[in-house]
Amino acid sequence: MTKGSAKRPAHATWRRLKKNKIAIAGLFIVALYVACAIFAPHISPHDPTKQSLTNSFLAPSSGHLLGCDEFGRDILSRIIWGARISLLIQVSSVIVALLVGISLGALGGYYGGKLDELIMRFMDILLAFPGMLLALAIVAMLGPSVRNLIVAIGIYSVPQFARITRGAVLAVSANEYVLGAKAIGESDSSVIVRYVLPNALSPIIVQTTLRMATVLLTASGLGFLGLGVQPPNPEWGTMLSSARMYLRSAPHVAIFPGLAIMITVLGFNFLGDGLQDALNPRLKE
Amino acid sequence: MGSLLEVRDLATYFYTDEGIVKALDGVSFCIDEGEILGLVGETGCGKSVTATSIMGLIPSPPGKVVRGSILFNGKELLSLSERQMRHIRGREIAMIFQDPASSLNPVFRVGFQVAEAIWAHLKTTIREASLKAAELFGRVNIPDPLAAISRYPHQLSGGMKQRVMIAMALSLNPKLLIADEPTTALDVSIQAQILSLIKRLQRDYGSSVLLISHDLGVISTMAHRVAVMYSGLIVEQGIAEDLFQNPLHPYTQGLLAAIPRVDEDKSELAVIEGTLPDPANPPVGCRFHPRCPWVVEICKAERPLLKTVEPKHMVACHAYAD
Amino acid sequence: MVKFIVRRLMLLIPVLIGVSVIAFLMLHLAPGDPAELLAGLEASAEDVAALRTRFGLDKPLFVQYFMFLKGLFDGSLVSLKYEMPAASVIFPRILNTLKLACASIVVAVAVGMIAGIVSAVRRHSLVDYVSTTLALLGVSMPVFWWGLILIMIFSVYLRWLPSGGMGGLRYLVLPAIVLGTASAGVIARMTRSNMMEVLKQDYITAAKAKGLPERLVIYRHALRNALIPTVTVVGLEFGYMLAGAVLTETVFSWPGVGRLIVDSILARDYPMVQASLVLVAGVFVLVNLGVDVLYVFLDPRIRYD
């Protein structure tokens, strides 16, 4: 398990991934999304919060490629800046979930016994809230704001990561080199970090990518309900909640933000599926 | 000649990403009525592919029967439609698979699975078919047949499951039974029981059996005639006693010499040098030549054909060319 | 079998208790004083104090928790907005959501399973690629956007179907399609991969070797095996629909429990939110139990042991 031997599997994985055209398409979409988020101030054609009564409900045209919303704000700019907000929420909440989830999962799987039972019970309680409801409840408690959104979505994503980590830990702990390391007297934390976690790496990578998709859907869902990012911030879901009233007169206000969500989610799903296949080359038919 | 099954120059290829795998490249043998032909060879030489080719069950991408003829009772099987082939499967040619645990559907009761074959071909009711199934269970020595038909596969032992498969195969009185490694997955103690069961039933029903195995011991106790297979080809064929007393092909000789014997005083096991050739990239000429102790120039260039060297004893080797 | 169910129920109890604790704590973990939160922004100091005694907010947490549980079941937990026992408002809404969930799961199963089976049987064909892509699209589409698009097409432009509310069958069509889409995608993918796994098995070849027609082999032998894990997914999806159809209900103004929760949050009707969470989570957990039981029932390997 030295760094040297880890390099060759990474190459093989990258080769397999490259062959999968759908996964590459996903990678491209994700890269585009991240680029929009990072370079928003430079590539956005207009100020996303600048209102203009004359441009209200403007259809897609040369100056405003995707048209304007009810306040005359340029939709394309709002979508580009929206990528920034969404990416921030995604990355932050996934980091929260990873830190908490991996720790809990590793501790539970490694030490077993009562600690494991307790942790798993707690995960079951979190999972007893179906779908978005847990995130909804936490936002209801704390109030809608970007910070609370990150906490809510982070917590709601913890159980998946905990489960996966625990599974990988259990699988590896039985391996002889782990027992051997323990016999020599290596400290528990060292064993976990050096031997156990690297094996959990590939399912965690896959789950992280797929989770980004779920988080985006949840965050925009909460935005749509009015419980996520608050207006006038250009979050894609929030943009859709006000567009609801103008379906007949100005459909473009509703179509584009939703399309942005769908394409980005698709990108993450493509990439996640592709990573899944590349990291675990089962004999496909 | 009047044999029940006549296979001539059968070739089955698999078209994969890594290349064309020539699993069978010109297999020829025949089976007469009422006889047991043992098809012996190492794992991977194409024995099972031969069985599935005869049954018409080669998965069509990526596999394909590219040439040859399979005459069964005078009918050319390779030219039959899927519909016609279906009438033959189970009814005139039946098959027993290697691992009874995975060959029985885990969610249906065993009695039903046996009855299903009868019901599908004979248009009886399920009830009648189930009763016939119970009767068959008795014939294959499954204790308490009426209770057994309502069991699920996982509730039976390996030996019992194989008996169920045998019952299923013989239910419609097929003329040819293909037994693909019928005892390999079973405990040694059960193997003998199953083999003697097959032998007895073969006599009672008068069917022919294509017995496929890598185990020379199994072949020698059961078969009337033997065909030795190597890398997708038949290299020797003859009556069992003749072949075992007087093996002609160097591969057969190597196989027999490799069997450890209690009455010999050898300190080492004799092995055949080398390994099985890669079926995607077989050697030119005689496929055995890289491992053959008698190899000469012609072996590397030309593939030897099966020739009758002694009465009813054929071999494919240049050493017997004269 | 009964022992199995009882054992699982016992395991559920701590989970349900945990859920109720979390719901209960909502009021106390929120920033601010609970009594002030309940009283609302316009309340005077006297109102707040009155509320505090009325809801027992001055008592220790433990006691409050039991009061909460008791109030939930005997009707004394009252909604601030409706001024009725919370439970009596929630139950009819749960039934409405149930109606929607049933319709949606029918759509999801019909579309998803057929697509999955056809995909698996005709691998690499055009049908396979199209349905795999559509399934992925279905899973990636934001539910609320899909709803808006369908409303735009079918209510606004074509005027075939109503855009919201509950009534006859016509009101159910669009919401059921929208809610069923994501699940159809999940079910299609699951069915496809399960069928593919099963079709590789030896017993399928053995069934063909018996001379059975291909259709029988697929629809009886293969499907019955592939159905086992697929049914669990269907059950899980049904559970999600029952309890989480929040977005669909909002878009279509469907009077279900999901919309009730959102409206209550926006109206700061904390007791209602708490009660709904407990009841909805309870239903979800029970549905999951039902799915586990169903799985055991369907797989003879587990049933007869």
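A, B and C label the chains in the order they appear, each numbered from 1.
In this text, contacts are C-beta pairs under 8 Å (C-beta built on N, C-alpha and C of every residue); 3 or more make two chains touch, one makes a residue touch a chain.
Note that the structure is predicted; figures quoted are calculated from it, not measured.
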Two chains sharing the most C-beta contacts
A-C
Max Cα-centre separation from subunit C goes to chain B
Taking each chain's centre as its mean C-alpha position, how far apart are subunit A and subunit B in Å?
54
Using CA atom averages as chain centres, what separation in Å is found between subunit A and subunit C?
22
Need the CA-centroid distance for the pair subunit B / subunit C, whole Å please.
53
Could you list the positions in subunit A whose residues touch two or more of the other chains?
none
Two-or-more-chain contact residues of subunit C, please, as numbers and ranges.
none
For subunit B, what residues touch not just one other chain but two or more?
none
Note: in the complex, subunit C contacts subunit A through residues 14-16, 18-19, 22-23, 26, 29-31, 123, 136-137, 139-146, 148-149, 151-152, 156, 196, 200, 239-240, 242-244, 246-247, 250-251, 261-262, 265-266, 273, 277, 280-281, 284-285
Help me check something: in the complex, which residues belonging to subunit B touch subunit C?
52, 55, 57, 61, 82, 86-91, 94-95, 97, 99, 102-108, 116-117, 120-121, 152, 154-155, 165, 168
Enumerate the contact residues on subunit C facing subunit B in the complex.
124, 201-203, 205-214, 216, 221, 224-225, 228, 298-301, 304
Listed in rising order, the residues of subunit A that touch subunit C in the complex are 121-122, 124-125, 128-133, 136-137, 139-143, 213, 217, 220-221, 224-227, 237, 240, 243-244, 247-248, 251, 254-255, 257-259, 261-262, 265-266, 269-270, 273, 285
